[in-house]
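Structures given as structure tokens follow.
Shared chain: chain A. Partners: chain B in the first complex, chain C in the second.
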Partner chain A sequence: MNSLIATYGRPLSALFLLLTALWAVGLIALPQAVMIERSLWVEERDTSVELRINALYSSLELKRFDLADAKSEARKTQVAEQIATLEAEIKTLEARESAPRKVYTLSNYTRMSSLHFTIFLKTIAYALCVTALSLMVCYPVAYAVAHLAPPTRAALMMLGLIVPYAINELLRVYAWLMILDYQGVVNTLLAWMGLVDFEARTWIPFLESSGSVFVAMVYTYILFMVFPIYNTLETLDHNQIEAGRDLGAPTWRIHQRIVIPHAKPGIAVGCLMTFMLSAGSYSVPQVITRGKAGDWFSQLIYRQFFESFNWNVGAAYSFTLLATCIGFIVLMMRLFKVGIRDIAK
Partner chain B sequence: MSRASQLILNVYLIVFFLYLFLPLGVVALAAFNAYPYPSVTQWQGFTVHWFAALAQDSRILTGLWHSVLIGLGVIAVSLPLGLSGAFLLSHLQSRWNTVLYSVLVSPILIPGILLGVSTLIFWGSLGFGAGLVTAILAQSSFIASYAMLLFLARLQRQDPTLEDAALDLGASNLRVFWRITLPFLRPTVLTAAVLAFLQSIENYNTTVFAIGADWTLVTEIGSRFRFGLSPVINVIGVVFILITVAAATAYVLVRHHELRRSHAR
Partner chain C sequence: MTVAAALAHGKDVDLQGAAMRFGGFQAVAPTDLLIHAGEFFSILGPSGCGKTTILRMISGFLQPTDGRVLIGGQDMKGVGPNKRPTALIFQNLALFPLMSVWENVAFGLEARGVARGERKRRAQALLELVALGDQGDKRPSELSGGQRQRVAIARALAVEPAVLLLDEPLSALDLKLRQHMRAELRAIQRKIGITFVYITHDQGEALTMSDRIAVMNQGVIEQVDAADVLYNQPRTAFVATFVGEHNTVPGTLGATHDGVCRIDTPLGPLHALNPHALTPGSPALLFVRPERMRLLNGATKPPANAFEATLHRRDLEGAFLHLHLEAAGQSLVVHQTNTGTVPAPGTHRLGFEPDEARVLPPGALAHE
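Then we have the complex of A and B:
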């Protein structure tokens, strides 16, 4: 801190401090904290009050009929009095109804239905599978680009990785929508082979299964695994590999003892990013299923906010996802013995 | 490496790159199909009709305008934040450094939808309804982290003696910042601004939660998948692909050139 002031002076240092504080508190910490707080209470709307009000209204209607039917003057005043008390009671009850009480409770979490909990588990399980598959597919690619290809070909392959990586996420998902659609590429191929018939509508409804969401997710997020691994492998001195080979080590042993230990931080980052993106992906299930298949957890969160307008439950679901992702980060850091500094490079 | 394993690796790489590019080819090809539903298999003749249709699609053009506004807003918010964070982190020498670092990079590591949700809840309670402003704030929270990492990497390569020398020679703190630090950071400022703008335009998962009833180019594309899917979307895909290929080629050429130069030395 002192060196900051010594170099840039008090006013500038204070400005840096202020801006950083605004960011850390106003855009990161407070929003998360408010979200968590919001997940911890419910607005207690007394449903019995609502029922009671409805009952009172129907008896009020009856009394009004009575009033119209009343023959004697005495009967009229009696009914009118009853109406007045009813109206007064309705008024107090309605005041109570429109001012719901804020009650702190864990019920937003514990009330998660078994269906929603199953969806949560499905989302996490699929995200783990996407991560594992991406790691297996990408490790050889990253190694080939970093250490096997001659410079010009490596540059070309780099280009081949950057282009699909930089193309909009939605368009990458859209490609698979077109491939797996009812009359999409795959079904047309099947039709050519005579396996399905468009006239008879016997096409295979890929888009209505979770499997197609999985396929599109792998395609959409796989490159988030390549680049972190490539970045760490690029710093590995090729002479180490040569030395291993000269000393007679077989290829698998070179990878086990030299390459993978060096790539550890990259593997950890790749896994973190891929898992986080798949577990929190709203775009892939939204585009692929188009409401024709079961929801994913991110869609449940969206519905709580924008369809049920139940922000407290939405906040609880969000925090569930947040906690899961933080858990995964901690797990990866332990597993690969890397620090937070190695992670974000 | 033996010939057999070399062959296996080459086949593997070819399959992998085909896997990456064929789906994009499908998207691009359907943009030129006269069939009114995006398809490459029901081919009804070559057309550029959908390009004209895009030019007249006012909702998409408004979305693009919103995206540009948000992108500029994100540059204006996230660069000063990222720069301040980087200055603080590169000068803070205590265990608070790691704490601050963890907080400031955390938005990169948590799902984007959560940034959208938390921004919506917090800034909504302060009276900012969901819209362009909340979209800027939600996106800036994580784009600033990327900017900070870029600045931090650059600051680590800075020669601190330059600043010290200027101070010894009697320059004021402001003058040191203006004449030495900022010029040193200028390339990174440019890179960070471009990256921030691109990331902002691309973003879907965070924006869709924070944007409310407004829309950007990308959220509009997202809603078209449900209602009104037409080859106009594929035309946007073609435009995105062309821009990306041009930008990526430029980037790789520059990088290749630099690598060559550093090897030659």
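Then we have the complex of A and C:
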């Protein structure tokens, strides 16, 4: 703090602090707070006044008859006044009835239907599958790029990994859709080999299985796994691998005792990012399955917001997902014995 | 000591025309070299001359592009580094930073499936051999440079290699520690009796520790000999200039009698040994060690080679005086023991005996 002032002077330091605070509030605290607040209440309408309103309507009708029957002018104005007050009273009561009341409750969380809860659990399991799958794909790739390939080839491989990321995520997902579709690239190839027949509709319905979502997701989020692992593996002295080999260790033992322990922070970060991204991914399951392979939780949340217009439940679902992800982070950090510091690296 | 008994089984290393080419670049020329079992053998040469490449061919990380490598008489073709009876100590040691010291030492045993208790016991015995018995539970990063060095040695010895390969293992240490570790390495080698192949670009290291030394330049081993032979009877211009200091004077050979030849130099005709029996008329270089050349005073009988030179710089290096002189455009250096008197600048007579100088064919010189 003092060093900040010493380096930049008071006005600039104040500006920095202000920006940091704005960032913290605007990007971290505020959206979450809004979401949590919304998830904690339901709208309730006051139905207790309904009888009163009905009663008032009946008296209003009677007064209208009275008005029609009234002989004298004085009587007329008197009844008219009574009608006016009745109408006013009805208006306020009706306003009270139709205006929703905020009632704070945990019911948004506790009332999740068993179907939705199953989807939630399935989504977590799916996200874990995607994470495990990405790890299995990315660890060898990162290792090969960092330690096996000659430098120019390594650079090319890295470039090959990055280039698809110049394309919009949605387009990449659609590309996979075209590959896995009923009459997509894979099925066309199979048809060409005579294994399936489009006429007889014997194509393989890849898109109706979660597997195709996994594949598309692994592809979509692969960089978030590869790069953290690659970054840690790159700092591993190649001599250590050779030393392990020279001391007689088989390849798996070198990985188990030397490479993986070194790459642990990167593996943890990669798993965290991939898990969070896939657990919260909306576009991939939406585009790939076209609703034919069961919802992911993210799709459910979307529908709470934009189809049921039940924002409170949507908020509660979102927050449940967020809390689960945070729980996962803590678990991973415990499991891999890495601290926040290692991850920040 | 049980560790020593178990390890006393050095093997010889035999390079038969072994060569290494990287693309079009010949890193190591076809090399014949026999390193005896139980020998402390050094490979000495300047940076980039191919020392590490030779070591990697022996350890199995590189397959020679020509010729073969035999260890203990067995052809090592197709045998990976993890299957060879060698252990390599890396230039940067390559200790495993995330393991404790004893786990480092025991890694080779772990790789062989030795049970944990046994592993720990044997690691402890090795740590005691290198005087680190009480440091087993620390991390390598918590040790000093010299201690880390010894952990690396213990780790390599744990797999009971027949040949220990050391790639400039002392280069990261400061001078004092280096000298201490030299003695220690030599003592360990004596104790366990296995073959050491020691790579260095530091001639002091090679000369003090080794039974024999190979001097290497640009992928070619120029001479293999014991330290004193290497120093006193260099066979090439490179060896003469790389090992110790030398005065070098170019000239043309005259006649040779009884191994002593005449060579016509800018300093006049001089006489020197002619070990390669170069023929009269061939160009040659004359080499004289600075300490074999002396300033002449009238009292003693002048040697067979004598000439005048101008003294222009005198450096006192403690026990020695380094005198820089010039004669007929040639700069010369004379090392004298410091007897208390420093010669005055100016013209002196300088000389050396013919058997203190050698005539060798011209060739690459070491520029240091």
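What we mean here is this: the second predicted complex is superposed on the first by the 271 of 345 C-alpha atoms of A that agree within 3 Å, B and C clash if a C-alpha of one lies under 4 Å from a C-alpha of the other, contacts with A are read in each partner's own complex, and residues count from 1 in each chain.
We take it that a residue touches a chain if its C-beta (ideal position, glycine included) is under 8 Å from a C-beta of that chain, and two chains touch if they have at least 3 such contacts.
For clarity, every value in this text was computed on a predicted model and none was experimentally measured.
**Student:** Give one of first, second, both or neither to describe whether A:3 is in contact with chain B, with chain C, with both, or with none.
**Tutor:** first
**Student:** Figure out whether A:323 sits in contact with chain B (first) or chain C (second), or with both, or with neither.
**Tutor:** Neither partner.
**Student:** So in the superposed three-chain picture, is A:35 touching just chain B, just chain C, both, or none of them (first/second/both/neither)?
**Tutor:** first
**Student:** Using the touch criterion from the header, give the chain among chain B and chain C with more contacted residues in chain A.
**Tutor:** With both complexes superposed on chain A, more residues of chain A are touched by B.
**Student:** For A:188 in the superposed arrangement: first (chain B), second (chain C), both or neither?
**Tutor:** A:188 sits against chain B, while chain C stays out of touch.
**Student:** Does the superposition put A:301 against chain B (first), chain C (second), both, or neither?
**Tutor:** first
**Student:** Touching residues of chain B toward chain A in the complex: what are they?
**Tutor:** For this pair, the touching residues of chain B are 1, 5, 9, 12-13, 16-17, 19-21, 23-24, 26-27, 30, 38-42, 80-81, 83-85, 87-88, 91-93, 98, 100-115, 117-123, 125, 137, 140-141, 144-145, 149, 160, 163-164, 167, 172-174, 176-177, 181, 198, 202, 204-205, 208-209, 218, 221-222, 225-226, 233, 236-237, 240-241, 244-245, 247-249, 251-252, 255-256, 259-260.
**Student:** Could you pull out which chain A residues touch chain C in their complex?
**Tutor:** Contacts found on chain A: 237, 239-240, 242-250, 253, 257-258, 261-262.
**Student:** List the residues on chain C that touch chain A in their complex, please.
**Tutor:** Residues in contact with chain A: 59-61, 80-83, 86-88, 90-92, 94-96, 98-99, 107-108, 110-112, 155-156, 158-159.
**Student:** How about chain A: which of its residues touch chain B in the complex?
**Tutor:** Those in contact with chain B are residues 1, 3-4, 6-9, 11-12, 15-20, 22-24, 27-32, 34-35, 38, 137, 140-141, 144, 148, 151-152, 155, 157-164, 166-172, 174-179, 181, 183-185, 188, 219, 223, 251, 272-273, 276-277, 279-283, 286-287, 290-291, 298, 301-302, 305, 311, 314-315, 318, 321-322, 325-326, 329, 340-341, 343-345.
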